[in-house]
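Below, subunit A partners subunit B and then partners subunit C, in two separate complexes.
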Partner chain A sequence: MDSSNDEALDIIITNVVATFRVRCHLNLRTIALEGNNVIYKPEVGKVLMKLRKPKITASIWSSGKIICTGATSEDDAKVGARRLSRVLQKLGFRVRFSAFKVVNVLAVCSMPFAIHLIDFTKKNRPIASYEPELHPAATYRIKHIKATIQVFSTGSITVTGPNVQNVATAVEEVYPLLFECSKPLCK
Partner chain B sequence: MASTSRGDALALPRVQCPNHPDAILVEDYRAGDMICPECGLVVGDRVIDVGSEWRTFSNEKALKDPSRVGDAQNPLLNGGDLTTMISKGTGAASFDEFGNSKYQNRRTMSSSDRAMLNAFKEISTMADRINLPRNIIDRTNNLFKQVYEQKSLKGRANDAIASACLYIACRQEGVPRTFKEICAVSRISKKEIGRCFKLILKALETSVDLITTGDFMSRFCSNLGLPKQVQMAATYIARKAVELDLVPGRSPISVAAAAIYMASQASAEKKTQKEIGDIAGVADVTIRQSYRLIYPRAAELFPPDFKFDTPVDKLPQL
Partner chain C sequence: MLNWNVCPSLYCLCQDHAEPLTSKRLYLPGHILRAPLSLRCTGRQFIWKMSRAGLSCPGCGSSNVVDDDLYCQAQLVCVDCGSVVSEGALADDYVGDTEISYSRTTAVAKKPCMNLIKGLQRVKAICRILRVNGEIENLSQTYYSQAYQHVGFIRVSLQKKEVLAGCCVLVSCRLLNWPITMGTISCLLDADPMVVGVIYQEMVKILNIEAPIFNIADVMEAHSQEYQISSLHVPEELSENSKDLAKRAVALVELAADSWIVTGRQPIPIMMAAIYLSWQSLKPNKLRLKFTLDKFCQIAKVNKLKPAMKRITELKEVLCKLGKEIPWVNEAVTPDNVVRQVEDIVKHRYALLRRALRTHQDALLAECQASCEDSLTEESAPSQEQNSNASFLQQCELNAKRGRRDGDDNPCTLPELHSDTQDNQGPAPNWGKRMLFAPPCVIHAKKRRVEQRVLTDVTGDEEISDSEIDSYIRTPLEAREFARTQKMLSE
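Let's turn to the complex of A and B:
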C-alpha cells in the first residue's frame, strides 16, 4: 500500500476548473473593448480573460456565469475567481460573487515502475478499457468516487475527479492494482 | 332473421338451416357446401373454394413454394411487418398526363422502423465493400437493433452508430478490423466512430477482447502478396516482440507492420515501408519507429526454421 512504501507518491495537481456566478448581466462588448488581456469570441458568445497571477483563464458569458480554468489548487481557483470579479466590478458592473464550485481537478502522478497495460486491462475487465488504436492509455473509471484514471505504459497516470480529496483517494485505490501489473524495474 | 350473432348494425342475411335455425353450419370447403349438423341438409352450395389451385406432389421439391407469398420475413429485426405496398409503376399506363406517376403516394410502411431499415441497408453496403460474411452482418444488425431500442444514443448519426456496430461485430467474431478500415468504407470520421464505440459498449454493458498483432497478419500479408512463410515469420516476430515487451505503448497495428517489414526484408519478397504503411493504415515513420525498437533483438525474434534470403546482420537499419 502507499503508506507502507518509504517514498510517498507525488500527486501534482495541474489543473483546477471552477464555475461561479456574478449575479448580473454582463455586456460582453464592453468587456471586450475595455478589458485587459481579453479575447472576444462572438460566434460562441463568450469572452476569454486571462489573469497573470494566479495564472488562470476564464470564460465569461453574458448571463453572468463564468468558468475559470488553469488554476493549480482549489484556493488558487477561488482567489483567481475573486480577482476576476473585482476586475469586472472595476469595469462598472454590479457584481455579486456567488455559487463558487470546483468542478474538475486534474492531477498527474508518476509510478516508480512501468506498467503492463494488457495485463492490467485483463485483470480489471469491465472497469478498465484500453483501445490502443484510439488512445495509448488504459482508462479506469471508479464509479463510487466518480474519478477517471488514465494509465500509461511508462507508469505515469493522470487522474481527474470532482475535487482534490477524491483524486487522492483514487490514487490510493488504484495503486495496488497497478503494482500487481508492474514490469520489473530493470528492463 | 333471428340468429345474427353480431349487433344489429349488420343485418346481413345469414344462411341457416330452415329446420334448425340455431344450428351452426359446418363448412365443407372441398365440395363447397354448408351442411347442417343436425339433419344433414346441404344449405348453401357453390361456396367459394379456398383450397389451392395447383397440385403439389410430395416427391417434387419445388424451389418456390406456391402457397407462400412475399419475401422471407425478418422477424428478429422488424417485428412482423405484413403490409402490402403499392410500388412505382412500370409502363406507360402508370403515368398521368403531366408525366407524374399515378399512385405516387407509397404508404409509409412502418415509420418507426424506417430509420432502422435504412441503417441495415447502410450496414449491408459497408460490409459488402470489405467483403464481410453474413454472420458479421447479422451480428451488426442485432447490435444496432439493441442500441436503437435503448435510445441512449439517440442524438448520434445513425451512420456513426452503424459503423461502430460493424466494428464491434468484427471484434466479437474474432476477426477485428482496424478503425481505419471501417473509416474507409464509411463516411464517418475515425474520431466519431471511436466515440460511438465507447458509448455503445457502455450502453450495452459489454466489453470486447483486446486486439493482438496476429489478428491482422493474414489480411495484411495477403494484400501485400507475401508468401505463407513470410506471413508465419511475421506473426512469430510480432508475438515474440510483444512477449519480450520490446515495444511498450505501441499500437499492435504498428508492431504488426514493423514485423511484416522485417520479415519481408529478410526474405526474397522485399516490401518498402510505404507499401506496408498503405495497406496497414499506419504512417511510414511509425513503422520506422517500431522497427527501430525491434531491430536490436532481430536475431532472436525470427522463428528457428526460417530461411533467410538476407541474413539478419544485413537487414536495413533505419
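Let's turn to the complex of A and C:
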C-alpha cells in the first residue's frame, strides 16, 4: 500500500493555554464584586473569569499573572487575553498587557485506520510506552519538539505541545510510524 | 631530675626556688621535653642550650636564639634576655598528608537505613507470597535498593515506599518471564491501582528499565487457577480442569486479539470473558449454557467485573461471524447457539478468518459494482463517463485481487476502495463500518455533535469595542445589589 495519501489529515485544535501579565496588583474582591461571569475562589487566592467571545476561562491572581484556557487557536487566545485586560482596565486597574505566551496546545487527529498498539510500542521502544492496565492509549514522547502523543487503537490521537507548529510537526513525524502498525504482525 | 610543677608562664618551674620570673616573658619548659632547651630562671640554677643559627634577638642583639616547643606553641626565644623573637602557630601544622574533616574523624561506622532494611524484607516477603524464584527475588531487591536511594524516592512517604517494593517485584517478574498483573500487586499491597501505576512508571523511568509489554496469554494460566472450578470445589457436571480451561481461553484471547477486541482494553475483564466462554464451550450442555456470568462468578468464587459482560458480547459477535463460514453448519449461527460451535471455530480459526474476509470482500465488490451500474443507468452516459466508470470497475477488481493476495498474511485488512464515490456518503469515520473486524468503538461509533464553527480570520490584534467590554462589568446598581445579597446569604 502506498503511504502518500491525497487526502489531508484534519488536525483539530481543541485547547490553547496562554499566560500573560498585567503588571499591576489586582484586588480580587473588587473584580468579584464588579465583574460579570466571575467566580471568586478565596481558598486558592484566585478569580475565574469567563468570556463569551472567544470562549475562554481565565484564572486571575492578585499578583497580576493570568492564565487563559479554552481558546481554539493562538490568535483567539491573544484576542481573549487582550479583551480580558480591557475589562480589568475598565474596572479601574492600571493594566499594561505584557508577556503574552502560548504555553500549551492540545489537538486531536483521527487516522482512517486502526492501530495495533502492541506492535507500535514494540517497534518504537523506548520512546513509546503502553500499559494496558493503566491507560488504553500508548504514549509517544518526541523530546526535540517537546510533544506528547497519545495513540488510541481506534486511530484517534491526541497531541500536546508548546505551540501549534510543534503539534503539526509531531503529527507529521508520527504518521508513518502509525501507518506501519495499521496491520497486525503476520502470523 | 628536676620536679617541674609551676605554671611556666610566670614562675620558674624548678622546685628549688618557686619564684616569679621577670616581666619579660621567660620561656620555661614543662617536664614533657622532646629536645633540650635553654632556660633561665632568676636563680640561674642551670641552663640548657639549643641555639638557632642565623637569628639575632631584636632586644639585645645576641645571636643566642633557641627554638622551643612548649605544649602546642613553637617559639624562638633569646637566651640572654629572655624575649620571644617569634611565635609559631598556636596549633600544630598538619604533618599528615590530607585534611580530615571533623565529621569523618568523629564518624562511627555508617549504619544502613532502617527503612531500607525493612523495605528489602518486604520485597522478600512479597516474593515468597508469589512463590517466584530466587533470581527474581535478588533482582527485585537490587532494584529496590537502587530506587530507594534515588533522589526521586528517598523522601516519599512510607506507604509509597511499600508500593515501590511491589513495583520492583512486578518489573523483575516481567523481565524474567514470570508475568503477573498490576491488579495482583495492588491486591497484595492493598493499594489503589492508580497509585501503583504512577509509582511503577516513575520507577521505570528513573531506573531506565525496558520491561516487556504485558501479554495476556502469558498471564492466563495463573489467572485461571484463581477460578475455583475444579472437581474439588464444584459438582462434577460443572467442574473443569484448569489446564484445559486455560488452553481454550488462550485460543479465544488470540482470536480476540486478531479481531481488535484486546488492543487498548483492560486485560482482566477480557480474561474473565474468555474463561467463561471456554468453560461453557468445553461441555456445551443445557445446564452450562443457562449459567449467566453472575452465577459463574459465584460458583467460581471470583468478583465479577462489569466490562466482562461487554467483552462476552463482542467475542460472541466475532465468533458468529466466523461460525457462519463453517461449511458443515446448516442452521443460522446466532449469539445464543454459537457456543456449541466454539470448539470447531477455535480449531480452524485461521482458515475461517480467511474465508470470512474473502466473503466480506466479495460482498463489498458486488455492492460497489451494483452502485456503478446504477449510476450508469441513471445518467445519459457520455463516453468519458463510461470510460471512467469502466476504469473504476477495473480498479475495484484490482483492489479485490490485491486484497485476496494480502488476505493470507494479514487477515484483518481490506483493500482501499476508491474513495471518490464514497466521499459523499460521509466523512472518514465511515471506514470502520466497511471493515469486517475493527475496534468496536469504531464500528459502533457514537454520533458526535458537530460544532458549527465560524472560521473567521482572527489575527490577535483587532480592535475591541467598548460596548463589548461593558457587558462584562456590572453596573454600580447591580454591584450594590450583589453585595447586599451576599451579606444576607452569609448571615
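In this text, the second predicted complex is superposed on the first by the 179 of 187 C-alpha atoms of A that agree within 3 Å, B and C clash if a C-alpha of one lies under 4 Å from a C-alpha of the other, contacts with A are read in each partner's own complex, and residues count from 1 in each chain.
We take it that a residue touches a chain if its C-beta (ideal position, glycine included) is under 8 Å from a C-beta of that chain, and two chains touch if they have at least 3 such contacts.
Given the structure is predicted, the values throughout are model-derived calculations rather than measurements.
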### Message
For the combined arrangement obtained by superposing on subunit A, do subunit B and subunit C clash, or do they fit?
### Response
clash
### Task
In the overlay, answer first, second, both or neither for which of subunit B and subunit C A:G155 touches.
second
### Task
Would you sort A:N27 into first (subunit B), second (subunit C), both or neither based on which partner it touches?
neither
### Message
Quick check on the superposed pair: does A:T57 touch subunit B, subunit C, both, or neither? Answer first, second, both or neither.
### Response
neither
#### Entry: First, second, both or neither for A:I118, with subunit B first and subunit C second
both
### Query
Is A:K78 contacted by the first partner subunit B, the second partner subunit C, both or neither?
second
### Message
As a test of reading the superposition: which chain, subunit B or subunit C, is in touch with more residues of subunit A?
### Response
C
### Task
For A:P132, select first, second, both or neither according to whether it touches subunit B, subunit C, the two together, or no partner.
both
### Task
Figure out whether A:K90 sits in contact with subunit B (first) or subunit C (second), or with both, or with neither.
second
### Query
Do subunit B and subunit C touch any of the same residues on subunit A, and if so, which?
114, 116-118, 121-122, 125-126, 129-134, 136, 152-154, 183, 187
## Note on the structure
The subunit B residues in contact with subunit A across the complex are 178-179, 194, 197-198, 201, 205, 207, 210-211, 245, 248-253
### subunit B-facing residues of subunit A, complex
114, 116-118, 121-122, 125-126, 129-134, 136, 152-154, 183, 187
### Summary
As the complex stands, subunit A meets subunit C at residues 1, 7, 33-37, 49, 51-53, 72-79, 82-83, 86-87, 90-91, 110, 112-118, 121-122, 125-126, 129-134, 136-137, 152-155, 182-184, 186-187
### Message
Please output the residues of subunit C touching subunit A within their complex, sorted ascending.
### Response
181-183, 193-194, 197, 200-201, 210, 213-214, 257-258, 260, 263-268, 350, 409-410, 412-413, 416, 419, 428-429, 431-432, 435, 438-439, 441-442, 453, 458-462, 464, 468-474, 479, 482-483
